[in-house]
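Two complexes are shown next, each including chain A; its partner changes from chain B in the first to chain C in the second.
After this line comes the complex of A and B, so read on.
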């Protein structure tokens, strides 16, 4: 090999090994193809970076703006006023629960009579529905009769028309008589049918005690002649009224206490009202001052762009008029500081009075509902006392010029319990109501979807015959293709209605939260989202099971394991991390879903009331995704509200990121197996 | 091992009360009991297309029987008939004849295939321990039989691992994953797993074909050792291996059993021309 190749060599490595094909700037076709595919693959990464960047840019500016907003809230004294507002709200809660207890007690005394009246009304309505045809006909004929009678009365004496009309009137009257007979028979028949007696409500037990009388009353009133009511019902009404009056008389002390409770807070209410007005004005001044430079700049810019000299001068003058002098915060807040001593004057008697009145509330009541509400009012009193105690400290020590700490500003967003926008008072951007809504819906959806999808996947992958596999798998996967707006529609019209009807079935009343008052609830949204998550979880679980090497199953069978033992002891444990990833990605699917929750969750921005236990799921709620979809179109770009929606979007983004990361970690473990 | 022997005998009695006497006359070699009795069996994966035809053979207790033959000759298929692994393929089935194990027709309606497989263990070509710990791998067969007592499991696991010659190597890391072992160790773990339930018969489907020569030697040694306690049927492509480990050898060709005889006889003096050609490497 040390010899140098001679030119006589027919085979030259230099020619044979040369690169072929076109090359531009050293880049060949192979490279171009490679870059093309590489570019496509990296597009996703570029997009994610862009999304992060823009979300971050718009969202992160929320915090300074929010911080400043909180600063204004304090400077204007609104914070101070809201301290008192909290006290009044806590008081109202206490009062209203006690009030409900009172009325529950009073209404309970005439429950039997009221239930019977309600039953009679319900049966009458049912009977009217059943006999609607004859009923309508009869009413029409009666109307005609009245009309004809009027006509006769209006005609001049001896008019030639009289006999003719008279004749018609006679015909009508006989028709009406016949119809009455028919209707009576129909009503009697209708009264026999059980449909007529379905009251659909819970008063069945008590309401149906005096069934013969109710029948009589219904028959009496169903026979449309008189406007008056059957004596039985009148009697009931009178009895109900008397009983209520008697109870009210017996409970006169309770009622007095209630009135006193309400009037005890009046001085505080008046004080709060005055201060509130004042703080609102303060806020307007501060807002005006803060936006002054911008307004001025806008006017000047306008002046520059206008050609007409008169218009220009006018705008210039307007710009000069904009006040940029700093408002005198000390003077503005002086009335608030003055109110500190007034608050002390009001608050101490209120405290003493309320303690006395709490003792004055009756300790024993006869009805369950009244007892519950009294308990509720007592616990509300506890929180009222807490607010009072806090106020005794924070009201005197409040300063309008203390800077708002950044920690407070962040926690006001992350842990804020209120999301109030477009308010004339102050906008609160608290994430908690939205986050709890989203999480609760997701948890319900997962609780429902996970067992269903995993069981379905196990069945399809491990147990089902091939023919069934071929039907079930595409069917479940098809669910994923249903547009979510269609599902939302279904949720409103079908599922919501169905859930409510089911919840009103009497023997299900032990279920917490039943009977449901709302159609659009956390439960409804959760069930629909569960349905939407099933294809995701199912497909991924099925994949995970499919990826378990068949040799594992074969080995297990050869060891004498049954099919179920093989599934549960070998296949499932092997696929476990794949299953976890499936559930996590299902969660990601659920928490990001927008249309269904927007349509079905009820969109009430409030932290659900957890005191009901599991019944909490029958309340409406709002979600992070829903609020963005609902409000983003209506807010001004760049405003605090707008940025708040972006930051909610960022929170969602971060949740999705974490979930995906966790899922990938789980999958990585799975692939190691 | 004494206790397990007696246990084995007990189980056998439950399974086949009348076997030995009934089938005694059929036995070719009276020094051994008949364990598997294949009687004129044809088998197909698809109805009408038999891949095994008219196989008749006996496999004796305490012997190592090797199945040899070129690829696709049906030796693995027959092996998988013994524990009815072919049941997993929906259309597959025996079209003719009867396989009796310990005297019982394994396709009889009263035979529970799960019980059958507990007595007929199997080791596959590709070793694959479950993705569980070494301990749980060996204990698997016992656990699915509902044996969960710690002491019983500990004892069975140690015994089986010792038997498989793996105990010394893994005793300090029984809770480590079975997948962390080397290939040869994993195959021995699979053997330990198969024998942990004390089957009567151990079927081995090319147990060494995925292993290096040293691991192969260890496994072959292990097979020789296991012979004292289990009846072993081994499918192999390696004729030297068959010659080394087996007592008797069956040669298959194109779905037919060409010849079956003592291994020594077979390799030194085959009675059929085809066998001689195959053994001497002229085809296959």
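After this line comes the complex of A and C, so read on.
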């Protein structure tokens, strides 16, 4: 400490401390430290550039490969065949809804009997679940007994082991007797417990008539395990059968119409089946042509790698056998072109027949469910007609050699409604189902998380006493430390189960989507993600409120405003852009989350059915993050599927980038205040 | 201090010794979840010194990891694809196939479901999404929830070939990570249906229904419509003697037969 400051002007930050003499090439220790920190900061930028480059390089190649795949899809005639397939699918939807309506009518007649049978079955299953441990024990003992009995029979007469084994056999037998008695008691006890009678709504409320008889029947069937059914159940079944038969007889016209609807499409089905087989072969030829050079190279490389001359010659010969001649697409597609006139032959009668059959469907039905399904069936008929109309144009004008436009190949990815991989027909990579899934979950999560976290932030920052602040703030921030896989487990086992139990409650059945069948749903995932987003939104909102200059609030108080008036009229509007940034970053947190959605969202790759209204949230879905986690591990590096996953990753990356950019813009506005 | 060092040294030595006999097995979840771990246990009990590392992630992994040299044995619930064989050929490697047993894929529904039998055609309809309601196959009305394995699974593919006429799964199917998860969801969902390996078909809360009138029982293996072979794969000439010895044991020994049957598969005999 020799260089103590002597005057005021030398007391700058630099000279306040002793400068060390350690220098190499003019770089001192302080410089090294400075470069180290600076290097760390710029490393982040380098990494981001690297990630962009890496994603871009792997992902961008998706588009040419995807384009080529769509080209093969067309060249092989699969596109042509799928036009007909679409028509058949639309027809199936129409038929299926009408069919469900028919069964709704038939089943309605025996609803009471069926509900009682269902109740008995449900209770029986519950009782078996409750007493399962003892059953297993009994079964094991019986197995042992059989084994011992066999052993006794197998032993030579007069063998010294006999008395011992005999003894063991006796013990087993008496144990079994005792177990039977306790089991009987257990079954009876189980029948008394409310758990046994929770039928999950399968009885639709009417099953609980004749409860005494059902109890008797269950007891009869549960113990000892009966080979035959209880007379009461047999009686119910017989009654149900007769009633169904009676109704079926009454609805014979309906049934005939249904059968006719089914058989009307048969000629088209046959044609489609033949062409499909043909197109599959075409595709195999095209694929093998495309991969031929690669295969040849593989065999040649293999020949180089082996030492045994015989083996080498064999591989060489195999390589020579790989043909690299272009397949004759015109000849290959000739049967498809020939099918155009056949299609016209089957399509016109189908159209006329279906119009007739649509009129033949009953106009009045007795049950609500049948009415709904008939309405669905009629609207499905509308889309069937649409497909037919489209097919009348596109089937004759289809050409296998038309190049696939790039716009089509981009839109097939961005707006494609199907994500089908590992298919024996053709892989479709449509982003839409995954994107909608991710967005739906995020929206739900935001709807739940935003009010909660902003309100909490306002309370903690503006209203709470300091003591409370010190408890609440760290508690909320701690949520962020919970590993997401733990939350996922919680979602499957606790939240999912709870949501479903609640949805079964009778008086809640007006809620859209209730009762829910699934545990793994959009709602479940959304709620969990909301929970995960709370710390992010809360902390950022709190910061934004904290950054409002205290003079604003003080002025407001000076004008005589109350605390709440100050909060809502002065502090919140000032912090508004900070709040927007908080919500955006919360959204970024949610859309990138993987583990929870993979475990809890239900993994159904389909655009949710919005016709259900708000009930749509009780459907399962799949997400962009989830699909990458689920499928990346198994695909071959460099394949189209692999690249498709990368491009999905790129879409996610771009979304995150945009959200962050928007958040920063919002914050900038805020800082100007 | 000296003591600690000695312990570290001993640990290093031990792990070194173990590494020599370590057998790495990767691939199918159907084999890797129960059968192979239990075979490994039985193998050790029979007095063989070996340590195992078993990872069950799906049949495709069996081949990618064998190719990368990351495993000694691949387990697969389907046979190797042509493209996969080519990849081995390209590296100058030859693949060897072992039959480890047979599996039947059970169609499971919720225990409370009244349905007892289903036809193969109906299964195709349900899993491709053509049939949407239980009343269409003779059950009580209710929308069907279909649970399938995910695309990396050998079962996903072999089910498609055996029961769905190679058609694609419907968009309404939910892809689960393993047999266990399918059984779990079907057990909780009264309208659920799914497919699982024989070993999982007797889980609590689910019941296997017969297909085309044939019950899911080992003795029906020749008549049951959805049955398949379980394979092990190795690379010829690159397999360690320990792995070779284990496989020979696992595909011939009587003890192995017992284990395979105990976990619910049909043995190779």
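The definition used in the following text is that the second predicted complex is superposed on the first by the 510 of 673 C-alpha atoms of A that agree within 3 Å, B and C clash if a C-alpha of one lies under 4 Å from a C-alpha of the other, contacts with A are read in each partner's own complex, and residues count from 1 in each chain.
Methods note: contacts are C-beta pairs under 8 Å (C-beta built on N, C-alpha and C of every residue); 3 or more make two chains touch, one makes a residue touch a chain.
Quick caveat: nothing in here was measured; it's all calculated off a predicted structure.
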Chain B versus chain C as contact partner of A:220, first or second or both or neither: neither
Touching partner for A:574 - first (chain B), second (chain C), both, neither: first
Chain B versus chain C as contact partner of A:620, first or second or both or neither: second
Partner chain in contact with A:520 - chain B first, chain C second, else both or neither: second
First (chain B), second (chain C), both or neither touched by A:549: first
First, second, both or neither for A:561, with chain B first and chain C second: first
Per-residue contact with chain A, leading partner among chain C and chain B: C
Residues of chain B that touch chain A when the two form their complex: 83, 85, 88, 114-118, 121-122, 124, 126, 128, 130-132, 140-141, 143-145, 179, 190, 193-194, 197
Residues of chain A touching chain B in the complex: 549, 551-552, 554-562, 565, 569-570, 573-574, 673
Residues of chain C touching chain A in the complex: 57-58, 60-61, 64, 83, 86-87, 89-92, 111-112, 114, 130-133, 135-136, 140-143, 145, 150-152, 156-157, 160-161, 166-169, 171-177, 185, 188-192, 204-205
Touching residues (chain side chain A, partner chain C) in the complex: 89, 92, 96, 99-100, 103-104, 107, 114, 117-118, 121-122, 125, 128-129, 132, 199-202, 291, 295, 297-299, 301-302, 304-306, 315, 369, 418, 420-425, 433, 497, 500, 517-520, 602-606, 620, 622, 630-631, 633-636
